[in-house]
Amino acid sequence: MYRIKIGCQLGYTTSTANPAVFVVQPPAHQRQMIEREALRLIGATPAGEFADTFGNRCQRIMLLPGESQLRYEALATVPPEGDAIASEARQVPPEELPSHLLRYTLPSRYAETDKLLGFAWETFAHVPRGWTRARAICDWIHDHVEYKRGVSLPQWSAADTIARRQGVCRDRAHAVIALCRAFNMPARYAVSYLPDIDVPDDGIPMDFHAYAEIWLEGGWQVFDPHDRFPRKGRVFLACGLDAADAAFATLYGGARLSSFEVWADPIPLYEPARAQARNDARDDARHDRARAAAPAAVAPPLLAVVGGAPLA
Amino acid sequence: MYRIKIGCQLGYTTSTANPAVFVVQPPAHQRQMIEREALRLIGATPAGEFADTFGNRCQRIMLLPGESQLRYEALATVPPEGDAIASEARQVPPEELPSHLLRYTLPSRYAETDKLLGFAWETFAHVPRGWTRARAICDWIHDHVEYKRGVSLPQWSAADTIARRQGVCRDRAHAVIALCRAFNMPARYAVSYLPDIDVPDDGIPMDFHAYAEIWLEGGWQVFDPHDRFPRKGRVFLACGLDAADAAFATLYGGARLSSFEVWADPIPLYEPARAQARNDARDDARHDRARAAAPAAVAPPLLAVVGGAPLA
Amino acid sequence: MYRIKIGCQLGYTTSTANPAVFVVQPPAHQRQMIEREALRLIGATPAGEFADTFGNRCQRIMLLPGESQLRYEALATVPPEGDAIASEARQVPPEELPSHLLRYTLPSRYAETDKLLGFAWETFAHVPRGWTRARAICDWIHDHVEYKRGVSLPQWSAADTIARRQGVCRDRAHAVIALCRAFNMPARYAVSYLPDIDVPDDGIPMDFHAYAEIWLEGGWQVFDPHDRFPRKGRVFLACGLDAADAAFATLYGGARLSSFEVWADPIPLYEPARAQARNDARDDARHDRARAAAPAAVAPPLLAVVGGAPLA
Amino acid sequence: MYRIKIGCQLGYTTSTANPAVFVVQPPAHQRQMIEREALRLIGATPAGEFADTFGNRCQRIMLLPGESQLRYEALATVPPEGDAIASEARQVPPEELPSHLLRYTLPSRYAETDKLLGFAWETFAHVPRGWTRARAICDWIHDHVEYKRGVSLPQWSAADTIARRQGVCRDRAHAVIALCRAFNMPARYAVSYLPDIDVPDDGIPMDFHAYAEIWLEGGWQVFDPHDRFPRKGRVFLACGLDAADAAFATLYGGARLSSFEVWADPIPLYEPARAQARNDARDDARHDRARAAAPAAVAPPLLAVVGGAPLA
């Protein structure tokens, strides 16, 4: 079992009041527990909470002119096991799929399966169906689409990513989703708080982490093209057909993201006092690093900017 | 008030059993009444009905090897007025929109607003917001995107249609939707049974008719780029973010559409016996024409073919 | 086909602001069409609309101190046939019932089946199951529970009504519901606007009319113990497990109903102008009669008064 | 944090196939985590899972003729704190309540508030509203309604319980719910797996434990009239308006409960191997005691027997 301090701090600058929707709070989930939630706003006013059709916890917030800030903190508990390896999990044929899953087999904005049918079948039809094929697709993306920050555009979809062979977690997740749907596997886009447990620090500032979930008999399974091994401590945050449904921030206007931090720090189960202190220190270090990195960063890939005047 | 015989007859040929979902039955709606429904299958077996998240009435059906046929008939009653002209209808700013409408302001598979922000603002920002701007967008599509059958591909999205300036009702609806969303107007794709009332017969075999609905204060409003005047007798069939959500047929496999007829024939309110006879005659004429036209027709644009092996 | 002017006018007196929920607007329904709705408030403010879990259209309204009034008007169109007689309709055994219907086989506040199992089985077990048994129950209530206004209390449930053999439409509907549930037939409480078509005027001021709906294979069927023949022109308004779910008014406080009118007047399909005039005259006559009758009337049986200080 | 082995084993005897619905699996919940679920059936067949309108996880199961058995096991993790004490929690007036909570202020089958308005106001109107009044009601039930097994009948409602001053957890919960609703506090019936943590063993075989939840600003709060102090380790199982909605078993027929065990055993966080062994031993002891106690037990109070022939 892991206890993980999760949270984020988002800063915005805007010259006019800017309505927004934020999805930063993990929902109820059989395999995670969320305690001591706190959502704080500075220079912004709450405008109602709602659950969308995917069950995401959406916060409507008005960013006021000037600087504003949203800070979320919570304590998550998740099982000790890493992402499941269910290598026997069967693909359920379309006629047997529960009805509410059918939509996940069809194209969506950033996972345009209908454009990728030929590629998908040519490349993966020979792989045994079910878990093995989903795994093969996920590994192929890991191997052939380079993780690279700052190259992809928010408009990139799976076909773009597969053509250019580069992208961030969002892009790679879309590619996995689009290819799995080509074989009628229900596939959805998911976002998580993902701590660094038993992995080397890669020096990259933490972000909301997007990955794919594929529905095989028994339920949704994690397929994350970022790693070739199961990750531990993943805290499920949101899901949808693709990033259009599950952006952490949807802005109706021209507010500019001025600062951005996400954290997911495991804490010891039994030494809360010492752990806290040590952890705070680590936090500070990380956050300093994050701030240092910020100027160079392009707009975080999971952010949706909608409507409003185009940014010149 | 109009009473309209609506229905469709769809024939398929398939070499292997082919799961499918059909949406041909209009839902309950404040302004339409559906009586004497009959859905008949030949060479196909029913596999359960469900309502999707948009309220569409979805029929799961297994098409059996060989020839199969689905025939739906019903009697619809709708108000005598044509599509509403609500020229005072106000656009509701994002912060005041009901939460369940927010998703309709974001990009979707075939209405990729995020690619069209620049064009939309350049072309329509000077038009007064609300009904007037939605109307201007709809008329612009009517005038600048030629209605032409057989040119567009199922993968075409709004950006393709606007670039090529040609398409069918589906394509033109997507274009209206994508452009309206650029101004944060909730926009959805809708499909109807649309009779020819007070319009000249254009000689085109009847089809499911797709159009756009824009949400302005007070509710969803019809914006149909096919006509520059309000149509009468429209029977709402289905809706969604775009055609991916509201196809009349979603096929999981290689079944081929071998015949296709849609009808929406107004009948007199008071002479049921004579009307029926006259009407049947008209039906026969129309259907003969439809059959004659069929060989030359490309795949009907509202049909979604998903998954399965690519068609070589 | 019938066109029916439906509506109601409710007056309240209250000394303090009194929150309330009103359900007076018919929902979308396959077999009815609702046009030209108008809901007007005097001395009261709207506080939001919502659909409850039964799909009822609920209006939150604040009644202000003094006199307040709610007036609803609409034009309904319904099929020409009366309530269906589906004498072959099969009862579906519990294991085959759609899951969302299971709750309707269990006891509820005013239809406490669990208290009436013995009576139900003793009296109706010999009748063939399905439509025939539901019909027998409905007719038994018609024959053995006298329609009488002013005797029943809002707290009366099915067991009370069956014991006392008197009640109004609400009470008789609850009795039918409770007894049908004893045989595992899904049963719900429904409320309608019910015009007098092809029935003699019984001189009773019109009210919202409650009746039972029993689910037999194919859907919900009307079982109205008020009449032994199918009624025409029924406009479905609301439903629920029993009257607790489907009251036309739920008051949180001590507001007193000071005036009460409900109407459902068929109008000719083809002479709108003359019909309107004639009809208005009839309305006036009816409403005068209603007003005359009001002083003597007990609290209308479909009104729920909840919480607040007990009256006296 | 507590890890708790939860589960139940239910045995039935029936002479004919007997459809049933079981609710024994806790749902997703912000403050609990459910792992390693296993549901096993002997002499019974699964017939579909569904979520009801309260979010309860319902299993449709067909009990076959002869002996049948359902066994459920899972590992729950819950926070270390006991039931919250939110003594500042404000009661939200009806006009400010979220719409989906309004139904919880109205009477239901076993919490017939409408019959208890006078008693409630006479007894509790002088207590400050909000948490304090809900607490006073809960404590009054604890003090004045004796916990006694084997006296109450399944048909007993809150009014019966308050009149007779005896009952089990189900009855006492209904009484709290009915009285709180009299003051317009949304109140629901909840069922839990409740371990004995920091409480003396009372020698009573464990059962599903029913209690009340009252909605005060911020969310649903536990009010359990069984104890005058917060309990630890509670695992939320199901909820509804009252026991009609949240029975662990709903039987359509005459199956007889022949054996019944429920467990909720805390296990150490860090010595899984030893803990398991020790725990299994404790289980065995408890279960032996449960079996010994079974013959004397009346039908467990949370079981709903519906429809079917009355039991002689």
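The letters A, B, C and D name the chains in turn, as written, and every chain counts its residues from 1.
The rule we apply is simple: a contact is a pair of C-beta atoms (placed from the backbone, for glycine too) under 8 Å apart; a residue touches a chain by one contact, two chains touch by 3 or more.
The structure presented is a predicted model; accordingly, all values stated were derived computationally and were not measured.
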item: Separation of chain D from chain B in steps, with touching chains one step apart; value: 2
item: Chain pair, C-D or B-C, that carries the greater number of C-beta contacts; value: C-D
item: Where chain A and chain C are represented by their mean Cα positions, the distance between them in whole Å; value: 49
item: Rounded Å distance, chain C centre to chain D centre (Cα mean); value: 34
item: Chain B and chain C, separation of their C-alpha mean positions in angstrom; value: 37
item: Touching two or more other chains - residues of chain D; value: none
item: Contact graph of the chains (line, ring, star, complete, other); value: ring
item: Of chain C, residues touching chain B in the complex; value: 1, 3, 27-35, 37, 77-79, 269-270
item: Touch list for chain B against partner chain A, complex; value: 19, 21, 47-48, 50, 52-53, 58, 60, 62, 93-95, 99-100, 102-103, 105-109, 112-115, 117-118, 121, 125, 154-155, 181-184, 244-245, 250, 252, 304, 306-310
